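The letters A, B, C, D, E and F name the chains in turn, as written, and every chain counts its residues from 1.
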Amino acid sequence: MFHHSSKLQYEVRVDTPDPQFAKFLQQAIGGVEGEIRVAMQYFFQAMGARGDAKYRDLLMMTATEELSHIEFLGHAVALNLEGAPLSTQEEAAKDPVVNAIMGGANPRHILSSGLSAMPVNSNGVPFDMSHVYATGNIAADMLANATAEAGGRVLASRLYNMTDDAGMKDMLSFLIARDTMHQQQWLAVIEELGGWKGQLPVPTSTPEDHEAMEHSYYFLNTSLDEATPEGRWTSGPSLDGRAEYSVRETVDPLGQKPDLGRARPKSGAQREQI
Amino acid sequence: MFHHSSKLQYEVRVDTPDPQFAKFLQQAIGGVEGEIRVAMQYFFQAMGARGDAKYRDLLMMTATEELSHIEFLGHAVALNLEGAPLSTQEEAAKDPVVNAIMGGANPRHILSSGLSAMPVNSNGVPFDMSHVYATGNIAADMLANATAEAGGRVLASRLYNMTDDAGMKDMLSFLIARDTMHQQQWLAVIEELGGWKGQLPVPTSTPEDHEAMEHSYYFLNTSLDEATPEGRWTSGPSLDGRAEYSVRETVDPLGQKPDLGRARPKSGAQREQI
Amino acid sequence: MFHHSSKLQYEVRVDTPDPQFAKFLQQAIGGVEGEIRVAMQYFFQAMGARGDAKYRDLLMMTATEELSHIEFLGHAVALNLEGAPLSTQEEAAKDPVVNAIMGGANPRHILSSGLSAMPVNSNGVPFDMSHVYATGNIAADMLANATAEAGGRVLASRLYNMTDDAGMKDMLSFLIARDTMHQQQWLAVIEELGGWKGQLPVPTSTPEDHEAMEHSYYFLNTSLDEATPEGRWTSGPSLDGRAEYSVRETVDPLGQKPDLGRARPKSGAQREQI
Amino acid sequence: MFHHSSKLQYEVRVDTPDPQFAKFLQQAIGGVEGEIRVAMQYFFQAMGARGDAKYRDLLMMTATEELSHIEFLGHAVALNLEGAPLSTQEEAAKDPVVNAIMGGANPRHILSSGLSAMPVNSNGVPFDMSHVYATGNIAADMLANATAEAGGRVLASRLYNMTDDAGMKDMLSFLIARDTMHQQQWLAVIEELGGWKGQLPVPTSTPEDHEAMEHSYYFLNTSLDEATPEGRWTSGPSLDGRAEYSVRETVDPLGQKPDLGRARPKSGAQREQI
Amino acid sequence: MFHHSSKLQYEVRVDTPDPQFAKFLQQAIGGVEGEIRVAMQYFFQAMGARGDAKYRDLLMMTATEELSHIEFLGHAVALNLEGAPLSTQEEAAKDPVVNAIMGGANPRHILSSGLSAMPVNSNGVPFDMSHVYATGNIAADMLANATAEAGGRVLASRLYNMTDDAGMKDMLSFLIARDTMHQQQWLAVIEELGGWKGQLPVPTSTPEDHEAMEHSYYFLNTSLDEATPEGRWTSGPSLDGRAEYSVRETVDPLGQKPDLGRARPKSGAQREQI
Amino acid sequence: MFHHSSKLQYEVRVDTPDPQFAKFLQQAIGGVEGEIRVAMQYFFQAMGARGDAKYRDLLMMTATEELSHIEFLGHAVALNLEGAPLSTQEEAAKDPVVNAIMGGANPRHILSSGLSAMPVNSNGVPFDMSHVYATGNIAADMLANATAEAGGRVLASRLYNMTDDAGMKDMLSFLIARDTMHQQQWLAVIEELGGWKGQLPVPTSTPEDHEAMEHSYYFLNTSLDEATPEGRWTSGPSLDGRAEYSVRETVDPLGQKPDLGRARPKSGAQREQI
């Protein structure tokens, strides 16, 4: 069960409101790199967690923290919209700089939300929940979580560069820090479970005779004119310790030429196809 | 530039067509765990690749392979739809088993595509390109790719269990194998670049003074009644080698109680709010 | 800031798992009538609340409760999926009833989530956040909230009828009860603020000279052959107390015939249009 | 059956075309507060109306009016795009003000529609029909309709403030007026049917023994540190007249700690979860 | 302006209600081949029509007819849902055939709409307005309209085959007929304007020096092992009468190898990329 | 199976990078008029092709070419983003022109993709695969393809007008040329199969007794006050050669007044409806 306390997890201060930066911040709320995504992803993973219960707790606790991130970011958006012109034409006529800034703002912050945060990204596209990745496989989910946090920290760093506001920079430095921890905590689960040797290939429960192992460890060069890019993936022991990597330079199709024959009479095709 | 040859990358054989399994297979084409996603994700990452060109080549070559996976899976869907009833009522009246199977089929395979594959998942929801993750940061992208392949191999293993058809099992064992390789090749890039110590936190180019480091290495227990789940993430050296992990058992909000004051006159609020 | 405790808000018991009912329950999680929607709607309204702070608290407290509803519903979905066949073909061959049930199940509960809840509706369509209605106008928002809870209680009542499981009926009777309260608490805000007389028309802050009042209180009959449906809206004092309702039986278009003239040379039109 | 006459329902005049305002107006066409939504919502409610036929007629007549609103708003968008630069770079080079305005315009008004209206909102996001709320329950639907009209009038008022154009202000004053009527006509249906006492809780047809009435009339304070916000919803007779409101200050979870145990062998989990 | 009369454009009769067929019919309402799409597409094209006003009238009149098609199809869906079980478990226990049919039904017809039509397709995916194609170019739009009607008639024919109900077959035979007319009326506009010779390439207003004409009339064989498929497109005069078709058998890339160099310091990349 | 070679199909040169034009170009990648759409549409049509195999080859070869178009357009977007400010505030403070341009740019090109192409349109809306039209009927599909290419050439022509960059104009002139060919090759298939006389109405395989032919050849005037727009579609032989066109000036509804009666007790309606 969830509970709430009245203060924000971290202080939010905006020295100079900036409606365009309010739009940018939306990416950290409703973007695929944003906080709604991680809050919901960890929440749904926790609800479906099977196996050692501590991972369930780990997920639920961090889901709860991410809800608090949405909350302070939402406040930051509203503070950046303080004083935004509610009558664009007049202001614009007087001040081309304001006009230019408003051209880069999200009009729905005025028209739809009344100067507050929305669950959309920086293009105004609503977040959709298909981005909640939760497979029921702990290794796949931990990778998905590390991915989300890596994207999140890249975004927070870019936002940090896109503002001169000391308050905003302070808040973003907190987000950058928490993303550092969260990236690592999910990967630490994999480490604890034996690292790549123990956890690859995902899922480890697939019986070996379900896999055409002769195709499992070669890199396939599909280019007609480029040499294979050599690296850790072209030779040496595989990360899962089961085999050696190799390369197939020449692409030999292994299958047939597909042919579906003619269409059936009631299938809605043209007469010539039947 | 892309080219095509006429044979499929792998042979597709369906011994007993099954319209319901055709619907399931759609998840591997148009689901978030599917082949359109990886083909497009690697393609867009390749187009935006900066730094050592070999990673660009690696991405483009595998993008090209994934396009070929869409192709043979699409053929598999069509073969599973061979002979599907085009006049449901009549067949159903005769055979409740056929009726039950068709109840579990995707009606759009008959109504919309004329017995062939569609770019949708197993619920008939069209794939949308917001799932193409490409950040311009190589570590974030490699994690995203390993995530996609982990989800893909989990899916292929589940599909393998959901069919008795020897041809389909053979095709899926090839997919399982290729997902094994692809999972590892993306993680091998990270290994080659120094592993977690070299690549965390993502992005490594964020200056340290942009990060509130005092918040970067503690796990936050947000539960009111659960002990912290102890593990690799609660003590010992951090995966990035920069610090030691610790725990904050007590949650102290660091921020203010948010207060936006009263609404402005032209903001569209009710009178009482102004 | 959010916190979590380990027990569910309400007990969840499933006597006979039913994968088809798991699919139906998804409507209460990820449907437009579902709990993600209300949790996020009240949360975003709270973050944007201006005016008397008590309404902000009201919103945030109920948002927090709704998060707990997602949690126990998610558990209910997982319990209904216990024992679902992970190898459809075999089971189906043996038992047409199981086959029929699985035909009505969501295949992604097996293929994608590994037997647990997803943020999708009963058609498998992911929830998208455009359904979070938060205008910054308290009366509009309270109406939106009452709407969401009305839809929610209609849904919970229908779900109650669609199951024989005593545990599920018990859980749904709790949901029905809480929806009763939530419907009324949002409407009670409007009552407290003066009811329709005090709060209509929304927004009350619109100056009267922004409104063509001569068009504000007549019902427009746009039918060519139907009499006006008489009722509270065709005569008598208006709900807002500002005027009397009337009817316009004859539709007289007040505007011009639209004419955009010819296309401009560089507009991409055909030559004949220019 | 529908019919059309050649004049617009209301006159549309644009004194000074403004491509940025064309973008803003799109919110009133293809936004969730817009006219496509209400036209389609009332239409689908009418098609599903059961019970007294006069409500069906009421819905269909107003659906028809809303179609006419789309029509004159669409003309307004096109008129605001008259003269928009079809060759941005040149104009921008000459005039930074034009450039700034075009930066705030929707590029698809030039690239995709050829200077006319689109069924998208002010962010260019296409309207999707999941926003057509039609439950088959008349009270739920009337609330949904009042919500839509409240949002619509808030939007029209904000748009009124965002333009200096006398023609546009005149058209918007008509929209504001019609939204006044439409808000009230839907609520008047509820009044006619007995008001909250007669129509709550929605649905009224739910048998009382389907509801855990002991949970139906208390406000739940989920905050750890905030007092309950007192109001019409914390004491006194309930709006539906069935009970007295009360408060639960202390949150006692009523349920168990969820535990899904271990994963099944064929479920695609990692070995450690099984 | 729009008007409505009380009778349906065509009679709807359902002899034997069938909830599964109700689901199938949804494709004709809310699918991309459906009536919402054409109604809205012709409506938006009409609103943006420039040039000879008769095409605008043609579009608006047919848009109006399509609204009437939505109406009778919506009635057909509701009639097919008459008597559908509102308490699945009980009925299913008694009758596996009913169970199987309901497994193939849309659960939202019971849970969400209360036994009436919804603006979704046969998978329950809501229609989204991005499918309203309206370019402002009359030839492109007429092709889009013929496409929509071709898809519509294919769908109506498939639906005709999927039902034994005489009433439904009668209604669908009317739809098939109207789609015959509508396909042709849009193509007749192109005929009237000179056919392909007069209307290709679209747009005809593009100046010839904006086109690299040396690449305009050859078919490009991108296959490594297939001969060029010979046909009307490989030799002889072009449909637009401007040139002769030819073939390029060998694919010679005309461009450079793309290279974006290294990432910039503040771009959020990993250190190795900079 | 697909293959790749390292050079672009056509040379891409950007003389003056322009982040706003990068946003515009996105329409040609991820818009409904764009290259992802045609690549995937032709690919899925090829996978479902039945009848004469040469049309399958035609589709697959052009699908492959379109993939190469995505590739060079993606490079063009990245080149237009070279040098874009990664720290908006600073630059903007110095230069209002840069500020204005950035206001018109897509912020996700900086925040999300790190200065490279995304699979989104010029509003930042991700492409979704519901726009892949593939019916299994060759005439319907050829019309859909001609539509896509007509929209594509309209777009390319508009983009050509929106840039002064010689490199971009050169690249777009190539796209305009290829769209010329592609428009015609799909229509040439119809010509080869007998033109409209041979291929209408689509599908030609629908038996005549499935069609209410008395409704197949009249244009329906649904206007109350406009004369029928006379043209090729109102008289003379039909394009399919089966009949003569005529007109119905008076709209006589042929159907009943719809009436669904009262709601059923368990349907979730209000008491008054039952």
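By definition in this document, a contact is a pair of C-beta atoms (placed from the backbone, for glycine too) under 8 Å apart; a residue touches a chain by one contact, two chains touch by 3 or more.
Bear in mind the structure is a predicted one, so any value in this text is a computation, not a measurement.
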item: Distance-maximising chain from chain F - centres being C-alpha averages; value: C
item: Superposition rotation for chain A onto chain F, Cα-based, multiple of 5°; value: 120
item: Computed distance of Cα centres, chain C from chain B, in Å; value: 29
item: Chain E and chain F: spacing of chain centres that average the CA atoms, whole Å; value: 10
item: Geometric centre distance via CA averages, chain E-chain A, whole Å; value: 32
item: Chain D residues counted as touching two or more neighbouring chains; value: 1-9, 32-33, 47-48, 50, 57, 60-61, 64-65, 68, 71, 75, 78, 86-87, 96, 100, 103-104, 112, 114-116, 120, 123-126, 128, 130, 135-137, 139, 154-155, 157-158, 161, 202-203, 205-206, 222-224, 226, 253, 255, 258, 260, 263, 266-269
item: Contact graph of the chains (line, ring, star, complete, other); value: complete
item: Residues of chain D touching chain C in the complex; value: 3, 5-12, 32-33, 54-55, 57-58, 60-62, 64-65, 68, 71-72, 75, 78, 86-87, 114-116, 125, 128, 130-131, 133, 135-137, 139-140, 143-144, 146-147, 150-151, 153-154, 157, 160, 169-170, 172-174, 176-181, 183-185, 187-189, 191-192, 196, 200-203, 205-206, 210-224, 226, 228-233, 238-240, 245, 253-258, 260, 263-264, 266-269
item: Of all residues in chain E, those that touch chain C in their complex; value: 1-6, 47-53, 86-90, 92, 96, 99-100, 102-108, 110-112, 114, 120, 123-126, 135-139, 193, 199, 202-206
item: Interface residues, chain C side, partner chain E - complex; value: 18, 20-21, 23-24, 27, 31-33, 96-97, 100-101, 103-104, 121-125, 154-155, 158-159, 161-164, 222-226, 251, 253, 255, 258-263, 265, 267-274
item: Residues of chain B that touch chain D when the two form their complex; value: 154-155, 157-158, 161, 224, 266-268
item: Chain A partner contacts - residues on chain C that touch it in the complex; value: 1-9, 30, 36, 40, 43-44, 47-48, 50, 57, 60-61, 63-65, 67-68, 70-71, 74-75, 78, 112-120, 126-130, 132, 134-137
